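Below is one structure; the comments refer to it alone.
Here the chain labels run A, B and C in written order, and each chain numbers its own residues starting at 1.
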Amino acid sequence: MMTSGMFTTWFLPGIWITIQVTLYSAALAAAVAFIIGTLRTSQLWIVRFVAGTYFEIFRGTSALVLMFWMFFALPLFGWQLVPMWAGVSALGLTYGAYGSEVVRGALAAVSPAQREAGIALSFTRMQRLRRIELPQAWPEMIPPFNNLLIELLKGTALVSTITVADMLFAGNLVRLGSNESAPIYTLLLVIYFAMAWVLTRGMRALERHAKRGIGQLPEKKPGLISRKLSARGETDQAGSQVAGGMG
Amino acid sequence: MNKWDWSNVDDFMPRFWDGVLVTLQALAIGSLIAFSLGLVWAIAQRSTLIWIRWPVIAVTEFIRNTPLLVQLFFLFYVVPEWGPSMSPLATGIVGLGLHYSTYTAEVYRAGIEGVPAGQWEAATALSLPKTRTWTAVILPQAIRRVIPALGNYVISMLKDSPMIAVIGAFEMLGEAQAYSNETFTTEALTVVGVAFIVIAYPASLLLRALERRLVR
Amino acid sequence: MSAENSTSKETPNPAADGSELIRFDGVMKRFGSNVVLDHLDFTVSSGKHVTLIGPSGSGKTTILRLLMTLLKPDEGTIKVGGEYLTHEERNGKLVPAGETHIREVRKNIGMVFQQFNLFPNMGVLRNITEAPVHVLGLSKDEAEERARELVELVGLTEHLDKYPSQLSGGQQQRVAIARALAMRPQVLLLDEVTSALDPELVAGVLDVLRDIAHTTDITMLVVTHEMNFARDISDDVLMFDAGRVIESGSPEKMFSDPEHERTREFLSAVL
């Protein structure tokens, strides 16, 4: 089995690194998602075009390739990124692009009548967005955001390939040190699963809270860890189905 | 070294095409596994026998909610301890296929649930045997509608395929990484990064067109 | 509700003096090849209550939506209180107006919609105070005081803390009326405000509107199928057909002795 030394020097800090990478890249992804998603609903075609280009490019790249590129290629252009920030940027920029489709779709699903009511009360476009459209779209965004968050958590394992000492990196060290692979990889899988479960519970609570905030009752949802995928692909397509996907 | 040098691109190209070939191989066989295994999961999840339904749901949920990368290590290092030992590429293909089968299972499930209840009732009224009901009535209707969704997961698999480089299968990223290490250059990585966009973007456009035709 | 207690922070609501408040000049509106308004000219004097009647598709609602700038005219101009609504004069030339100008003129206009369009993410009180606070710049206290008065006027005091989804259609529509009035508009547009309501809830909403029509000097432009209501509150009734006003006059004349054949047909079908 694992030696206790390995466990405390590498594995426990590794868990903490995984949590940190998840939180930081989720924060970056959320910022990107809201900014790009909102810009994609702009009335100016040039703004829509630029934001849409961002979306298509980052949706098309592989997060791992982007991460490698940031880690290995950027320094040779004179930009040295700390490994963890290379990982966080790659994950945040990629999942932010998927998230922007969630935001755009949920905004598009707000009924035009609400926009008209906002115009009739002389709100500016920014006020309508901030006070009417985003608050109404927000509860609809949470379930697809939950799916993306789990994908992001799984994606954090990639940072181990660019020398960030997350828990998979630590697990690989333990394998090399002990020559036993079954216990450590099983443990890793279980921890990732447990983290996914906790995140899903949290997002569920958030969804209930958000729905109560607009006077709706959330419906009960099935599923072992209660994560429902929509019928279509979710990572790339997180969005094209947003309007219809959550029923 | 920090100037773009086309001669590096030229040098890398033969290995790039080797990598593309491996990637496409992994993608093709991985998709086949994901499509067929996913269908098995989806049907098993609807089984009336609880000792089939429940374990299948548990296993697919577990696989879907844990990282492919860790699963690849598990398949490569743990499974040979008590089972068959596979080459890196074969392990990678099985890993990709297995991981994505838990996604396609959800796609099929939604497709099957989308078939109107009247179809089941009509099959019962005609006393069709169970296998016949599935193969002649339900699945043909369900699958047609989910083809674009399955296609979307092929694109996702494409973007996850570089992970198999980590266990030593030399697909595009693996080749680029090896080349960069030998020459201390970055062009190869950039070429691969661009290659993904060049493949993924038209593919997703194609799927959106297909989706408009098949799903109404 | 009257002009005297308007505060300095907002556009004053001048007492209705009978001067011209709304003017349509040669307004043309098409949807594709379908001409909805055909070179329409008409005016509404301040303080008047004008009802637009006519078969569906005759362009009545389009007029309200043009005034609210939810639609833009293809040709012609609209003036509100002497100011162009969707145009500006620059160097003696008429050019399409910028967003700021449009919003400034539009502040004088309030609208109540067929489907209420309350904000589901806000309670009753906030639905009413949101725009006065963030558009007119009232303090939260001022806005809430104004909202409470209006909620009392529409008879919903005990529902102040509820969300729209917890109210009946009739109650929601009364909140929507209060929300529009909280902006102290000079003109109130009512777009088939009872059409989406269950029959037993219609009377409550119409009573509130009658009350407002009789006790304030707000100018009203009403599209409705409730002919008794139209007769009660209107100073003028305009009959529309195929994008044109074919007849107009006092409700007494229009409802009892219409001149035009189409008006007679229409009224016998709805009365």
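Methods note: contacts are C-beta pairs under 8 Å (C-beta built on N, C-alpha and C of every residue); 3 or more make two chains touch, one makes a residue touch a chain.
Keep in mind the model is a prediction, meaning the values are calculated, not measured.
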{"item": "Distance-maximising chain from chain C - centres being C-alpha averages", "value": "B"}
{"item": "Chain closest to the middle [Cα centroid of all protein chains]", "value": "A"}
{"item": "Highest C-beta pair count, chain pair", "value": "A-B"}
{"item": "Centre-to-centre distance between chain C and chain A (centres being mean Cα positions), rounded to whole Å", "value": "45"}
{"item": "Computed distance of Cα centres, chain B from chain A, in Å", "value": "20"}
{"item": "Separation of chain B from chain C, taking each centre as the mean of its C-alpha atoms, in whole Å", "value": "57"}
{"item": "Residue ranges of chain A touching chain C (in the complex, touch as defined)", "value": "113-114, 116-117, 119-125, 127, 131-132, 135-136, 213-216"}
{"item": "Residues on chain B engaged by chain A in the complex (per definition of touch)", "value": "1-2, 57-58, 61-62, 65-71, 73-74, 77-78, 81, 103, 106-107, 110-111, 114, 146, 148-149, 152-153, 155-156, 158-163, 166, 173, 176-177, 180, 184-186, 189-190, 192-193, 196-197, 200-201, 204, 208, 211"}
{"item": "Of chain C, residues touching chain A in the complex", "value": "68-70, 99, 103, 106-107, 109-111, 113, 115, 117-121, 130-131, 134-135, 162-166, 179-180, 183"}
{"item": "Residues of chain A that touch chain B when the two form their complex", "value": "56-57, 59-66, 68-69, 72-73, 76-78, 150, 153-158, 160-161, 168, 171-172, 175, 181-182, 185-186, 188-189, 192-193, 196-197, 223-225, 227, 229-237, 240"}
